[in-house]
Amino acid sequence: MVAILAITPSLGFAQDATPGEEAAAGVQAILDNIWVLVAGILVFFMQAGFALVEAGLTRAKNVVNIFAKNMADAIIGILAFFGTGYALAFGNDPAADSVSKIAGSRGFALTGIGDIAEFGGSGYLNLSHTTFFFFQAVFAATAVTICSGALAERTKFISYLIFGAIMCAFIYPMVVHMAWGGGFIAQINIGDRAYSDFAGSGVVHMTGGIAALVGAFVVGPRKGKYAADGTPRAIPGHNIPFAILGVFILWVGWFGFNPGSELAADNLVGGIAINTLIAGAAGGFATTVVVWLKSGKPDLAMIGNGVLAGLVSITAPVGSVTPLMSIVIGAIGGIIVVFAVDFFDKVKIDDPVGAVSVHGVCGAWGVLSIGLFAKVDDAFLGANTPDGETWESSGLFYGGGIEQLIIQLLMVLIIVVFVGVCSFIVFSALKATIGLRVSDEEEVEGLDVPEHGLSGYPADVNYV
Amino acid sequence: MVAILAITPSLGFAQDATPGEEAAAGVQAILDNIWVLVAGILVFFMQAGFALVEAGLTRAKNVVNIFAKNMADAIIGILAFFGTGYALAFGNDPAADSVSKIAGSRGFALTGIGDIAEFGGSGYLNLSHTTFFFFQAVFAATAVTICSGALAERTKFISYLIFGAIMCAFIYPMVVHMAWGGGFIAQINIGDRAYSDFAGSGVVHMTGGIAALVGAFVVGPRKGKYAADGTPRAIPGHNIPFAILGVFILWVGWFGFNPGSELAADNLVGGIAINTLIAGAAGGFATTVVVWLKSGKPDLAMIGNGVLAGLVSITAPVGSVTPLMSIVIGAIGGIIVVFAVDFFDKVKIDDPVGAVSVHGVCGAWGVLSIGLFAKVDDAFLGANTPDGETWESSGLFYGGGIEQLIIQLLMVLIIVVFVGVCSFIVFSALKATIGLRVSDEEEVEGLDVPEHGLSGYPADVNYV
Amino acid sequence: MVAILAITPSLGFAQDATPGEEAAAGVQAILDNIWVLVAGILVFFMQAGFALVEAGLTRAKNVVNIFAKNMADAIIGILAFFGTGYALAFGNDPAADSVSKIAGSRGFALTGIGDIAEFGGSGYLNLSHTTFFFFQAVFAATAVTICSGALAERTKFISYLIFGAIMCAFIYPMVVHMAWGGGFIAQINIGDRAYSDFAGSGVVHMTGGIAALVGAFVVGPRKGKYAADGTPRAIPGHNIPFAILGVFILWVGWFGFNPGSELAADNLVGGIAINTLIAGAAGGFATTVVVWLKSGKPDLAMIGNGVLAGLVSITAPVGSVTPLMSIVIGAIGGIIVVFAVDFFDKVKIDDPVGAVSVHGVCGAWGVLSIGLFAKVDDAFLGANTPDGETWESSGLFYGGGIEQLIIQLLMVLIIVVFVGVCSFIVFSALKATIGLRVSDEEEVEGLDVPEHGLSGYPADVNYV
């Protein structure tokens, strides 16, 4: 499924290309790299969005800890992905006959990659290793930061850091390898069908969401979240403007996340962008209607999650559905998230920001939606595989048969099991050793001063 | 004035272009689309800026409502523009001999656009329909969000949503059609002159500003804004950092708004960017001087509006004036805004954030400034019409005669009348039916809890 | 060292290039300009980051003043650089045999630049004067805003404005001219070696940091910063979320600052981006370890400064070191900053946000690190000089001899002396005339109301 290609012009000229055609292909290759870099910068900006959403939806007494975790996600995520993650995800051995099912084995700390020159082609279309690493590293930081919200307000900082490092160094890269790196998931075929997950509803968001679910389960609910009789109680976040500013920033970043995942500057990028735009809006709209009907008022915090639900949902199918279907997929995501948040509240998974519902549940929905609504038409949107082949398929809605849906379901199950087991082992080991949770006193006081030695909003000091 | 062109290389090769030239033209076309997409992403980011400016300049008790309105602007604006707006604005019929004066009629919900393939060329230079839709949709969301500030702190949420949907679905797209879509305004000619509004001082900002003026008039001033004797009273905003962060974000977004409106990646984009940079600075500088002289202190909230005034003012002439003239135009905008804010305060139009002054009045000034200061020189900056012709003109200052100024004035009048009448009908209908304004109790308490069920900055809850 | 080149294709074709090759070169030239413009927009966004970091790390009573200063940096910085700065920095006379050592003399207010057409080539690769001005102007605004933090909470607004204008109009442009403009620093050669400062650890950050040091020294410490016995006292900032959001925004902007400084869209941009990504993470990581060991807790405000320290440090060597060495350089920066902050605290330089340590000290470290760790390999990363020659060198670590390190040290000394003397004169003159410092009463009350007439977070006013 995956090939290690030399850098080749994407314009597909034969060997007798004229010098002019070759020159144009060279400019195209640079354009591809510049565009994907810009997209990666937008994805990196999402770190600020995640921090703001989580901080806004939790209490002021923990705000330093929350920003510290999100900054650490960027710091540790990048270093871990640099050290081992990139090699495990994409370090295929070009001399080997087949691609390893679980993990790559070449290019740790970016050394020794490629046959040609240092930092030659990544094997993914025209992208150099440098561009491709940048784009993948910021994705990795995103995957780990998703967990942060579900663990908020009661998790030890050092334990969170260790989990984050393991997530970015090992767990997430192996999921990536199984799918985008050509491993286990990519090797599943039913008839002529293979999995599809364009920008990572499953690979990134569901991976983060499942780890978040396991983490929230192992660490347990916040003190006071449940009344003596088990009724969940609302714990309002301290700064709604932060949360909604965060949603705007995430939406902006998603225009790098999805269109950048085309891994090239081509005619399909614009369509991917509008599907992203429209699905986010549809998610927010559907959530608005549902919460308004359900609770009598349009709860803004939930609407923000609805936008994110629409965006997570469209992330897998974004390259293979029409704009009208993007509305359907995003809106269903926006409906799902409302009931998922209720569900996890009831089963005593205390997820302060709804990360499990937004990224885990809607991530799964996004993967499955391809089996229902994919419509690939060469004149419109295709979905690139790593080796540049156009994947063609269609979902049930377009008469495409059940095979695609089955493969998508298998993909969801594999990620759930793999990430679930791995993260359960890590969280349990942390709990059994250095501990996963702060003391009751610290939790009541807030984590900021005990864990970090400063509070988020100190009153003005005047020594005069 | 408008032509529906096939996708053609912008490099202008003759029919006997070599394969290399054709390949280069293909890369250029992709570059055009990628650049305009990136510019559109920057424009989308402006939503966050508008939300922050409005929230910062109003009271804490309404901050949830304000973020809800701004999020709704993005959600509803995009969906409405997708459903009908794009078709009304740009859905010209290529088979028809002439372009409709008021509205297009093809391509609702992006279906059936174009003669060639789905999502082929938009007819605007090298842009595909997908890229062009993205760029225009985020513009539409901008136009509606301008109104939000003038209606702040007393408008019913549901009524605001209905107005926003009508604005993005019908009113704004028809203004766009009349100008950029080749309709009524574009068909005015005096001698060899036609209107010019490069990036929308008139089409976007004045449209939003006029609707804001009508809305503020119909809904009436906030309780307590005027003393018993009619004297306006200051109602300070609750978070100046939010407001100024918002101004910075808007300034950043404007580098997509103006340079992206070139609709191509070419040698003129850089000049448009520096005119935008310099005019914003000149607006802020002029306002600083004026308010310092006028009130004895440099009021930061007003300086922020001065920057925006400079940016709104340069938005129309940005492609046809020199950097030195950008300083003049931006500075005049920065002076105008101070006196306009005073004026509307006195005539009892209660506009909490100055949206009418910034976008309405300076938008009109920007359109008119072309008749005074335009200097088009092929070696420097031109202004593209939709059909790719270079529009050449010069204002009074460069000896260009009065014709251009007259056309610009006509454009202002047409937009004022059209938007004024349409929005007056919508606001009045809302007022007469479901009501435009919250109850006095809600207004005093703040809209957040009554309308949305949560407050913006809840104190930490501890159930222990 | 500097040449005024005509716009030439970067692909290096001979005179007998085919029409297709020429067309491709034309597209490449436009791509270069678009990319550098996008990078410049990211750099402009850093203004918001600087404002947030400074505001977050200082007291609520001064927050309006701090945002006012940062907004003024953008406004005045751009206008001053437009008026004189660009000409002094890059206005070389093509007719002259040699480049002036201290300052250029052509192109004030962007008039009369170039021999060809208005706004032709800048002489820097394929960049037009418009693109190049935009990129350099936003750099200038960055340089001045660095000083803002060190002067926070006690400096008169008008005096700050005057200093900022002189900095952007004269001091900073002359430093730029001496290095990037081909002047004094660029003319130093030892053997075949010349200075290297890819994106401005020295030219931008150290320049800002030295001016900050001098300013903080001349204006003196804040009231209450030192106890009667001289012990420094902590004055916590009022909003840690602002500060960390600011760090995220600065990190995002740095992906324009460094990769954009390549001044072209080529294969090296991706490597520059990952070095920037990794060094920032390494700086943050090293600071975390050091402060945790040193004080027992991971102080988030210091970790934020650690990320910035890593970024400042890599800014000079980013184009000539490997990713592994970027970790080393960034981590050393992250260690340095902790001890530098302590040092300046002890010697009674009161720098509320650590600007001197982050930008001044780590800026110097970044310049020097080239003499230690540079490894230029044509297959990987080169460092472009203004005339497009590839600068080849290697540091001590790669057996490159002591010459490079000596030149780098000379560069540091020259900038320290030049900026130190110039800014000392300006600050002293301000102190002796209109005064540099607010009254004791204003300082205790906070600068917002006395200087600007409004406070940052007014309580809701209800006149009912």
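We call the chains A, B and C, going by the order they appear; numbering starts again at 1 in every chain.
Criterion: a residue touches a chain if its C-beta (ideal position, glycine included) is under 8 Å from a C-beta of that chain, and two chains touch if they have at least 3 such contacts.
Owing to the predicted nature of the structure, the values given are computational and were not obtained by experimental measurement.
J.: Go ahead and align chain B to its copy chain C using Cα positions, then give the rotation in degrees, nearest 5.
T.: In degrees, rounded to 5: 120.
J.: For the homomeric pair chain A and chain B, should the interface be classed as same or different, according to whether the shared residue numbers exceed half of all numbers used?
T.: different
J.: For chain A and chain B, let me know how many angstrom lie between their CA-based centres, rounded off.
T.: Using C-alpha averages as centres, the distance is 33 Å.
J.: Using the touch rule from the top of the page, what residues of chain A touch 2 or more other chains?
T.: Touching at least two other chains: 18-21, 23-24, 27, 31, 38, 239.
J.: Quick one: which bits of chain B touch chain A in the complex? Just the residue numbers, please.
T.: So the residues of chain B touching chain A come out as 18-21, 23-24, 26-27, 30-31, 33-34, 37-38, 40-41, 44-45, 47-48, 51-52, 55, 63-64, 67-68, 70-72, 74-76, 78-79, 82, 109-111, 117-119, 128, 130-131, 133-134, 137-138, 157, 239, 242, 451-464.
J.: Using the touch rule from the top, collect the residues of chain A that touch chain B in their complex.
T.: Touch residues, chain A against chain B: 11, 13, 17-21, 23-25, 27-28, 31, 35, 38, 42, 59-61, 223-225, 227, 233-241, 244-245, 247-249, 251-252, 255-256, 259, 265-267, 269-271, 273-274, 277-278, 280-282, 284-285, 288, 295-301, 303-304, 307, 323-324, 327, 377, 379-380, 444, 446.
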